[in-house]
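Mind having a look at this structure? Questions to follow.
Order of writing sets the labels: A, B, C and D. Residues in every chain begin at 1.
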Amino acid sequence: MNILSWLVIIPLLTITGILLVKDARQTKIVSAIGMGIQLIVAFVIVFMYISLRKSGNTDEMVLMSSFEWFKSLNIYYTVGVDGISVAMIALTAVVVFAGIFASWEMEDLKKEFFISLILLATGVFGFFISLDLFTMFLFYEVAVIPMYILIGIWGSGPKEYSAMKLTLMLMGGSALLMVGLFGIYFNSAPDGGELTFNILEISKITIPIEAQRWFFPFTFVGFGVLGALFPLHTWSPDGHSSAPTAVSMLHAGVLMKLGGYGAFRVAMFLMPEAASEMAWIFIILTTISVVYGAFGAIVQKDLKYINAYSSVSHCGMVLFAVLMMNRTAMTGAVIQMISHGLMTALFFALIGMIYGRTHTRMINEMGGLMKVIPFLGVAYVIAGLASLGLPGLSGFVAEMNIFFGAFEHPDTFHRVATIIAISSIVITAVYILRVVAILLLGPIRDNHYISLGDAKWYEKLSLLTLIAGIVYIGIAPLGLSNIIRESLLPIIDKIL
Amino acid sequence: MNPESFMIMRHELVLTLAFVFILVAEVFTGERNKEKIKSIAVALFAIVTAAGFLPAATGSLFGGMYEASGTTTLMKNILNIGTLIVLIQSYTWLGRPENRDRIHEYFLLLISTLIGMNFMISSGHFLMFYLGIELATIPLAALAAYDRYQNRSAEAGIKLILISTLSSGILLFGLSMIYGVTGSLYFPEVAAKLTSVPLVIMGFIFFFAGMGFKMSLVPFHLWTADVYEGAPVNVTSYLSVISKGAAAFIFIIILFRVFPVISMTWEKVIWVIAVMTITIGNLFALRQKNMKRFLAFSSIAQAGFFLLGFIGGNRLGMTTVIYYALIYIFSNLAAFGVVSVIAEKTGKENMDDYDGLYRTNPGLSITLMLAMFSLAGIPPVAGFFGKFFLFVAAAEKGFYVLVTIAVLNTIIALYYYLLVVKAMFINKSEAPIASFRSDFMQKLGLAICIAGIVVTGFASGLFEMIRNLSYGI
Amino acid sequence: MIMNSGIPLEFYLVLATVMFFTGIYGFLTRRNLITMLMSVELILNSVNINFMAFNRFLFPGKLEGHFFSLFVIAVAAAEAAVAIAIIINIYRRFTTINVEDVNQMKY
Amino acid sequence: MTDFGYTTWILIIPFVTFLILSLFGMKLKGLPAGLTGTVALGLVTFLSYFTAITYFTGGGISGGSFQKIVAANAVWLNLSDHLHIDMGVLLDPISVMMLVVISTVSFMVHIYSLGYMKGEKGFERYYAFLSLFTFSMMGLVVATNIFQMYIFWELVGVSSYLLIGFYYDRPSAVAASKKAFIVTRFADMGFLVGILLLSFTTKTFDFVTLTDINGPAIASKGGAVFLGMSLMTWSMIFIFMGGAGKSAMFPLHIWLPDAMEGPTPVSALIHAATMVVAGVFLVARMFPVYYFAAPEALQIIAWVGAVSSLFAAIIALTQTDIKRVLAYSTISQIGYMIFSLGVSGYGGHDGLGFMASNWHLFNHAMFKALLFLGAGSVIHAVHSNDMKDMGGLRRYMPVTNITFLIACLTIAGVPPLSGFFSKDEILTAALHHNKILFAIEYAVAGLTAFYMFRLYFSVFHGVDRHYHHTPHESPATMTVPLVILAAGSVFAGFLPFSSLVTSDGVPFESHIEWGVAIPSVAIGLLGIGLAWVMYRKETTLPDRMTSLFRHSYKWAYNKFYIDEVYIFITKKVIFRHISHPVAWFDRHIVDGTMNGIAYVTQSVSSMIKGLQSGQLQKYGYVFISGVIALVIAFIYLVK
């Protein structure tokens, strides 16, 4: 069996395992082992990919395998990876692994929780390995729907409202996406021949421009909803604030990346002409996202809201970069996805852990926590610094690629947009430091907090996994960025 | 015409035999053994269903009034499977004391409607079609009124029978116009002589209204909710899947075979009706509290989705209609199965009663959740595949606006399906439905449905098989 | 052809149409379930007239219309039987056969 | 030329130290952690000196001039096909000089802190941050390309943030660190935009290519014209914005006085001697580009420097917090350096300003670090920052007193101390360039002498205050660095700077311009004299002066209300008029629309419920109407 398919099979086996075991403790262990193996497999794939490339393999996609599914519609289960998907897979594996440990102490309905969580992960993995639009879409929805249950059952606050809103908005996005996919499918053979959902095959032809004009917005907005495209981002603050820790981690960490990934792998890649025609509309929207999210974050009081708005801003940056349609910016987009995935997961993990101790997420009810929970505090500062784009941490690498890529466009429109986007790094600094200052620094606000315990081993494991990723990308980005740049080549060739 | 040629109508014959067998068995069963009839009948029907899969002859009988093809056999088999599940699900309910002395009636009425549907599907002439449709409808009214001592059941019965006669009157009036223009009632001849004149269009619309009643399309749907709510749960499930499925089958056959000439017209009619059906069905379903009524409106919306397969007049459309019907049978029967089990044990039918169900009855909750996801079209369960392909079928002919409206409607649909999931999984309840054990037949019924929901989607072979048996205009 | 001097087809059709709409009017306005049933019969009979007239005037060589009418009559009888049975049950349960009172289920 | 590959260790050692201290600092507890840091830094200092000596004594000379030597370089990130970010070590006179400055001051501070920070909670954290800072600062000065510089630029920013906020349970420290980071971050945004514009115009980040006067960058003269200036000029202005932020030039200076909330040795290292001169270093590094391709930008730089130096000097007159006086003095002195670059020419004696600026940077590092460390010693003794709580300390703290006095004399430009020489060269360069600017700087020299001696006399002379316990001289770990730095301040003036650090690498001879020197010494002495009169003894003279200049005093005392302007912009404009509305808009308009859609759907659902009336005849009515409507629609309307 193709190693990529294991990425889907292992989670399913893990779920089966969870169904078979008896108590909560075993559930945890099975989940951890399953996702540990998944992590290993993901990295094996990364190394396989690298060695394949080293050995001179220049195929657009490697490790491909394909078998027929719905023959008459020419639907295949086709998997394959390039550098971008490999990177996303590694990210997902890391975040899921961290997520399992971040929810180590989940109490209510533990089995169900882990099953839903891993099901979500299955969808995400499947999405990233799919080369067939049908299976891609299928996995996309598989990834979205467990969110409802996860937030609804284990969430907090107005969880039912948030869960419903999130699910409906995301599914609304996927509904639009579906129409877009139909448009692509039925225009995938303009010169006769068989219609196909296969991305690689569609990329070889040019979809008629009239069709592109119709279906590019559907596809892009469809994915954009998940990528928190203004003004369709409002599920994000509510959803994230209500979701339990691991779910926020996975959702902001990897699920939102499906939007960005899809936006360029499908919308931009297959319909580049319409994309370049309409890019300006979406550039305006994403620029608004970037700045607006950041400004929105400044005045929030709930930690999760801050981070949710911050995600709007950062994910807006991803789409912004994708729309710039050049290699540098797109490299930045991918790195930004990974970077944001790691750091936002880190943020949400930390917020969950802090909440678990203080039972509040309101920053003005906390203060001086650095003294009592230094490990969490330092991790929070690291996440914050990554978020505001400090060199040496992942966010910087991504942002620089994005800004320089965006600036390659010589016209005023793109440049003004870029400079507006750049201003977000200052605003980001403002809200990050504001939170750090209020939450962690200063005198201890409440005497209850003096006796709080610092991170437990599983929490540390979860956090360190994520921090390791952030620091690795931040310090030695060359390997990652080269993998991505090289994989972007066919995409760029197609787009230009 | 030799005796072997009657084997062409094997499905109907076998059903008739079963019908007679049950009738006779009832006569010869003693008062104390009446209960046994249900076992016999279910077993018998299982055999009938299995027999349906034996290689079947194709051809036509009675000078073309009756036609059997691979397509019709497939449709009949699908209906058989659905009916079998309904019977299995009814098993426990039939054991109730007030039903004891008329168990056989249930089976007889049900099987006769099925015979009617089979004839309807196999008809090659409007007379056969009319007889089939009446045979499929009139006993249903009796079934709807089966709970003699329930006001609601009686009300359901009268509403069904009166609207149904009205609709058949209208349908026939339409047919008479078509007859007036073409001078024939044989499908091929009508198709050949049909022209796009106003009288034909008027006739078609009258005919459409009659079929719209059977499929409960808006605005001919208003009986649906009341009848579904009033009728016994198992009858409702039969009504909502088998009766509706059969109507969809014959409707698509007639559209494709008889009315291709005026396809430009019926595309538009269907476009309008589909939008109305999906939207109105969804809007009503939003506010329902009674599970049966809720499922009624949901099934109205689902009927609208069927129309997406009709509209293109393409082979893919027919394929997906049949495929989706199968999936819909499993999904809806799973939903009704759970509702029936709970109604059986506790007498509760309201959504609020389901609060916190997962904590007490996880199995039922998961089944219902899968059913809801399947109806909503959420992967990886089968409903996703069915809906996706229906949309593909409509998109193939360029009905993108319709598809867009439909997909946006799926969001509303998702909302109310999730309300059920929410009730079971998320809502807390002071007094949840107590934990109970379902009996074997209930479990069996649900298990078949779950297997269907899970497997049908992935089974591409099934889809291909259906496609091979389908045709377009 | 046969009855050139007799009543033309249009007259039959008009009669049928009038009957049809009378039936519908009755169905929509009569409050008594039995009367409603009768109205439906009126509709069905208008259909019969249509079939007969078309057959007789336009396609005299074949008998499809006539046979169809016969079947419609038979089926209508069956329908009426079931309907009346249910109406009787209604009367038992509701002690009325006024259609407006039979509205326990709505919205 | 010599192989300078070993210079990478100058970066690696502090980084490794940082890692060790931050990961295992908890285990090292206290002194061992400090010693680890100090020893490592000793090593770095040794390497730096070794490098400097090798470089200046021949290792860096080729063809009679000092060359730019790329000692190490590796690609760190590919941005596009022609742009790549490298990490490496570039040695040229200014970077080598900076290595010496940084390592010296940093080493002194390391030693000093062993005493000063003894027993503080977070001692190991402190040393970890110091190592991080040293690493970043070293990386900044040896950067081979402007992007590497930007990276380390950000890193010094964060080290500064961490160190200012070292006492993180003090709200004032937290606020100060936040302010410092955000203000410099804002400036860095300009830097980044500048780099973007620059790289777009020149297609390179590399300093060697950029500053090559025959190279493509300068030759292009900078692309399209925008608002009357070339793209290159704009980019250089933006880049200078970054420099101005870090060097606390007006109007981006507001963070520096607040940054004094950090531990005093940190102020000495970061906010006096090294990090804050990064802006000067940046302009010096890009000097050929400024000079040849963006002369307008250089003009702006000169004015910004001059205004800042005057402005800060005036404020310094009125402050009473010892560290704040020093902070404003730092702004003023950096203004000097920046100004000096602004008025410099290029090549040979024309580049006098360039040379003077760097020389002053060097001297300033010594004496300002000395001043801060001395102030730290004082604060350590009296546990207060306020000059009003000090007086007569010369009797208790002889070493501190002497070294502090030397530093004050140096900054006042009294010959033959180092400050005299560099200040003289700056004024000479200014005189040749622009008379108005010269006048300003001349006045500033006098003001400087005055406020420094105001400080000195109030602290070490005058009457004793009521001390909680008798002040005593600091331990040797603190006094030894003072003495060493004092020696540096005294003798640095005798370095042959003009034959080492010049604008084009070619050595030249510089002479003291007596026509400038004598008046400047005179005005310095005048300032000292005034201070003597006013502050040596407790008199009412200062109060009378104050009331005489009541209004201007108030303005200066309140730092010309610049802080208030910033607060207005952040609190009122950004928070109240942008962020709150954005948040409101998001909740109520954008989200409201989404909820509104749901609400409308629900309402429509309720509105049409009457359709399902339960009345059989109504159903029939709808049925028939539907049929008729369809018939009408499709026979008459739709053809």
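Heads up, the rule we're going with is that a contact is a pair of C-beta atoms (placed from the backbone, for glycine too) under 8 Å apart; a residue touches a chain by one contact, two chains touch by 3 or more.
These numbers were taken from a predicted model, which means no experiment stands behind them.
If you average the C-alpha positions per chain, which one ends up nearest the average over all of them?
Central chain: A.
Could you see whether A-D or B-D has the larger number of C-beta contact pairs?
If we tally the C-beta pairs in contact for A-D and B-D, the bigger total goes to A-D.
Would you kindly tell me how far, in whole Å, the mean C-alpha position of chain D lies from that of chain A?
Their C-alpha centroids are separated by 37 Å.
Between chain B and chain D, what's the gap in Å when you average each chain's C-alpha atoms?
77
How many angstrom between the C-alpha centroids of chain C and chain A?
65
On a C-alpha centroid basis, what's the spacing between chain C and chain D, in Å?
For chain C versus chain D, the centre distance works out to 97 Å.
Could you tell me which residues belong to chain C and also touch two or more other chains?
Expected reply: 24, 27, 36, 102-107.
Touching at least two other chains at once: which residues of chain D meet that condition?
In chain D, the residues touching two or more other chains are 609, 612, 614, 616, 620, 624.
So which stretches of chain B touch two or more other chains?
Touching at least two other chains: 158-159, 162, 166, 170, 225-226, 287.
What are all the touching pairs of chains?
Result for touching pairs of chains: A-B, A-D, B-C, B-D, C-D.
Would you pull the chain D residues touching chain B in the complex into a rising list?
601-602, 604-606, 608-609, 611-612, 614, 616, 618-620, 622-627, 630-631, 633-635, 638
Given the complex with chain C, which residues does chain B contribute to the contact?
My answer: residues 126-127, 130-131, 134, 138-139, 141-142, 145, 148-152, 154-159, 161-162, 164-166, 168-170, 172-173, 175-177, 179-180, 183-185, 225-226, 229-230, 287, 293.
For the complex, which residues does chain A have touching chain D?
Residues of chain A touching chain D: 165, 168-169, 230-231, 233-235, 237-238, 292, 295-296, 298-300, 309, 326-328, 368, 370-371, 385, 388, 390-392, 396-397, 400-401, 403-405, 407-408, 410, 418-419, 422-423, 425-426, 429-430, 433-434, 437, 440-444, 477-478, 481-482, 485.
Which residues of chain A touch chain B in their complex?
Interface residues on chain A, with respect to chain B: 68-73, 75, 134, 137-139, 141-142, 145, 148-149, 152-153, 159-160, 163-164, 167-168, 171-172, 175-176, 178-179, 182-183, 185-186, 214.
Which chain B residues qualify as touching chain A in the complex?
Per the touch definition, chain B meets chain A at residues 316, 319, 373, 378-380, 384, 388-389, 391-392, 395-396, 398, 400, 403-404, 407-408, 410-411, 414-415, 418, 421-422, 425-426, 460, 463-464, 467.
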